[in-house]
Structure formats: structure tokens, C-alpha cells
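Every chain is named by a letter (A, B, C and D) in the order it is written, and numbering of its residues begins at 1.
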Amino acid sequence: MKLIGAVIDELTPGYCAISLVPRPEVLQQHGYVHAGIVATLVDSAGGFAGFTLFPAESSVLTVEFKLNLLAPAVGDRLVAEGFVVKAGRTLSITRGEVHAESGKGGAQKRTLVALMQQTLIVMHGKPDPL
Amino acid sequence: MKLIGAVIDELTPGYCAISLVPRPEVLQQHGYVHAGIVATLVDSAGGFAGFTLFPAESSVLTVEFKLNLLAPAVGDRLVAEGFVVKAGRTLSITRGEVHAESGKGGAQKRTLVALMQQTLIVMHGKPDPL
Amino acid sequence: MKLIGAVIDELTPGYCAISLVPRPEVLQQHGYVHAGIVATLVDSAGGFAGFTLFPAESSVLTVEFKLNLLAPAVGDRLVAEGFVVKAGRTLSITRGEVHAESGKGGAQKRTLVALMQQTLIVMHGKPDPL
Amino acid sequence: MKLIGAVIDELTPGYCAISLVPRPEVLQQHGYVHAGIVATLVDSAGGFAGFTLFPAESSVLTVEFKLNLLAPAVGDRLVAEGFVVKAGRTLSITRGEVHAESGKGGAQKRTLVALMQQTLIVMHGKPDPL
């Protein structure tokens, strides 16, 4: 996250938003942000969202996620959001979305670039160093 | 790919192997390589594998992928492999695996850390700059 | 669909709801509706939802879907809904949900039992017999 | 499974094969076996394969699966196979394949029609009635 320059914009129970102002290093051959970076952002957003509803003294690991890439990730800013759909005792399920934003104010353009569905596992008794 | 220090080890028709010697910047809170980096490696390996079987004058985009994380990505080296399962005219399907390797020679330890299934789309008439 | 006794409750642009009153034949070993039946319902709901936004003289095929099973599918009625997230020229992306409903009126209980993300392909020039 | 006429052909540690001779009721609008039936077969094959490696006094539930449909499911016989990739204490990961077979002997045609990746959860202390 630090490596790519992403920041957590919002973290509330069951929700997390992470944003990134793309630097040249994270672009792939067509000038879009690399799918792996998009995956990193939204996997992290889902993981943090899930973690907000976990018991104390536990940590989170991603079991799996599935990511659809809907449009080129091009813009001034990428915003990845994670939403908890079900918070279970052992497993939690989240959904995620990534939007690319360009321009400002009334002229702002916002495009959905990726859609995620994720399974997290609660690691009881292993508090997270973060 | 350059940002994280990954290199292509092998690229043959329908197959690609990419490896990474993890640097501290790609580790997450538990000291494992971040799931997003693992995703980046194996998504790229699948994409390159698919691309080897595409017609000339075309390029590749990932439609979606699904990634299971099986074990902590800890080791001296991560190796991501992509295998084409079906090369279609419009869509190609690949599978991917990521292993973590530690030690050398007879003492080498190799652990399967991630499993992927991916859909690629052929972009006809849009040659890839790579 | 006929085999398992499912019916289309609603079909509007970008949306479809399909319901099923479970019969003993569709239950698995624990008395829940089999995951495959849940998959059939929601894959169909997503496919029909996508089809509503397709051009004339085309038909729909599922490229892939991913299904999370969140709770046992037990109830008087299962309702599967499909929602189009992006309707593209070649590919469309949908999300789906399945709820189990029990009881009536104020005493009704509604449980989310499954969550889906799906990729459809538009088959141009192949009108659907349905 | 009984409803659609599927039978278990092989069940060995970490592996299961299930086959189906398609009846008219399981076909969709194009005359192919419905994607939901293909999903039912391969989800079941993966689940049984996982179950073979579970401890005694436990049962199996599907957490999630992801299915790519590669070719129309048309043939005299569908064969779904499930393979355990990792058998964990809480979660097990399987892969699955479905082939359509037509003809006999040297003239037999075998087509890969679906590819699956699945997460199972071990329900300890809940022996399966099957």
C-alpha cells in the first residue's frame, strides 16, 4: 500500500475506502493502472472493511477474491471501496468496487472500473500488528 | 512489474512463469507478500500465457480472475505460472499457480500459495506495445 | 427451470427475479436446497437480467460466475435476483443475490443465502428461441 | 443429484467423478445442458472429493465456487471431476472439470465444457447423514 502510494480515506464499521493517485510506475502497457494494482486496492479495502467487524484480538486473512475488470483504470484518482455483506464467526463476505475519477466539481467524471467479491477468514487470538 | 521487481523466467506457447524475490516494500502486516502482489504476479503470468496464443495484431485484457490464497506467501522467491486451458477467438481461459520457494538444492522447500482461474479477452486489431 | 419448478416473478430492463418453492427432490443431505439449485436460480436470474439489455437478434451465454453460499438455503420460498452492473457490446457483468423467505406478513423472515458475480457474453445474430 | 439422474462413478481419496446422461428436462433453450446442472455436477464432485479427506465426524459445506463455461454442454454423457488441491483443517480447496463425451471407442469425442475452483469448509462434529 505504501509502495504504491495508496491512502485510507474512510474506515467505518463494515466499510472502507482507499484511494490512489496513479504514478507512472503503476501503469501497464496501455497506460492504464495495472489490474494487479486495482486488485491490491480493492482486496485491501475489503479486508479492512471486514476487519472493522471482527472481534478484538483477531486478525484477517483473504481466503479468496474474484475481480471483474469493467473498464480501463484511467483517471486522476482511483477509489476502492469495500463493503461487508456478511460478518460471520469464522468467515466474512465482502463486496468491493473501484471507480476512476477525473476532473473536478460539476465536471467530474466517475467510471466503475472493477467489481469484487471476497471471502475473509477471522484469525482468532492473533491480533493484527497494524 | 518493474515496480515490484518481477521478472519473466519463461514464455512458451500457452505458458508463462514470472518470479519475484520479495523486497520489504511488498510485505503486508504479517510479513507475508501482500495478496495484491501475488495477484499481480499470477494475473500477469496468465495474461502473458494467453497472449502467446493470440493472433498477430491483437492485445490482451483481463476480463476477470478469481484467486484463492492457500498459504502465507513467505520465501526466498515467489514463482507465478500461467497455463492456457482454452484459447478461443474472443475469450481465453487460463489457470495459474503461485509457489513460494525457500532454500537450495535438496533442501529446497516449495509451497503452493495461490491458485487462480482467469478469463482474458482478445483485443483484435490493437497490437500490444510490449 | 421447469424441472425444478422455478418461475420468473419479475423481468424489467436490467433486472430479473426468479422464485422457487422448494420440493423434496431439490434438497441435499442436510435438508437445505442443494447449492447447485441455488446456482441454477441465480445464474438464470443474472442471464435474464443481462438479456433484457441486449440488442435484438442476439442471445446470451454465461461465460462464468462466482457464487458465495452464505447461509443454508432453508425456507418456504427462495428468491433469486439478477442485476446488470455493466451492459457492454460484447460482455455484460451482473450481480445476483438469493434470499430464503419463511413465514408471512409481519412475521416474515428473510435471509441472504447466496451472492453471485457473473460475466455474460452477447451472441450477436443468434436470436434466442425463448 | 437423484433428481437429475447423476451417478458417482469414482470416489478415491481427494478425487470424485460424477456422470450424467442428459435427459430433455436438463436442457436449456439452445439444447445444451443448463449451466446450473453443470454447476450442480461439478460442485458436488468437488464437495465429495474434499469430503474424502475430512476427519471422521465431520461434514462438508461449499463456501463458494467459481465456474467458467468453456463450450456448450452437448453430448451423450457429461463427466464432472473434482480434485483436492489443498486439504486444510478448516478450509479445503478443490478444482473441477466437466467434459462432454460423445460416441464410443476410437470415435469418442471428449470436450472440456467447464472449469471450476472451489472453497469448502469442514463442519467438525457434524457427521454427514450421507
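One rule holds in what follows: contacts are C-beta pairs under 8 Å (C-beta built on N, C-alpha and C of every residue); 3 or more make two chains touch, one makes a residue touch a chain.
All of these numbers come straight from a predicted model, not from anything done at the bench.
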item: A-D, A-C or C-D - pair sharing over half of the A-B contact pairs; value: C-D
item: Pair exhibiting more inter-chain C-beta contacts, B-C or B-D; value: B-D
item: Of all other chains, the one whose Cα centre sits farthest from subunit C; value: B
item: Geometric centre distance via CA averages, subunit C-subunit B, whole Å; value: 32
item: Chain centre separation in whole Å, for subunit D relative to subunit C (CA means); value: 20
item: Subunit B and subunit D: spacing of chain centres that average the CA atoms, whole Å; value: 27
item: Numbers and ranges of subunit B residues touching at least 2 other chains; value: 63-64, 66, 68, 119
item: Topology of the chain contact graph, where touching chains are joined (line, ring, star, complete, other); value: complete
item: Subunit A partner contacts - residues on subunit C that touch it in the complex; value: 66, 68, 70-71, 85-86, 93, 95, 112, 115-117, 119
item: Residues of subunit B that touch subunit C when the two form their complex; value: 63-64, 66, 90-91, 119, 121
item: Residue ranges of subunit B touching subunit A (in the complex, touch as defined); value: 1-4, 25-26, 29-30, 34-37, 39-41, 43-44, 59, 61-69, 128-130
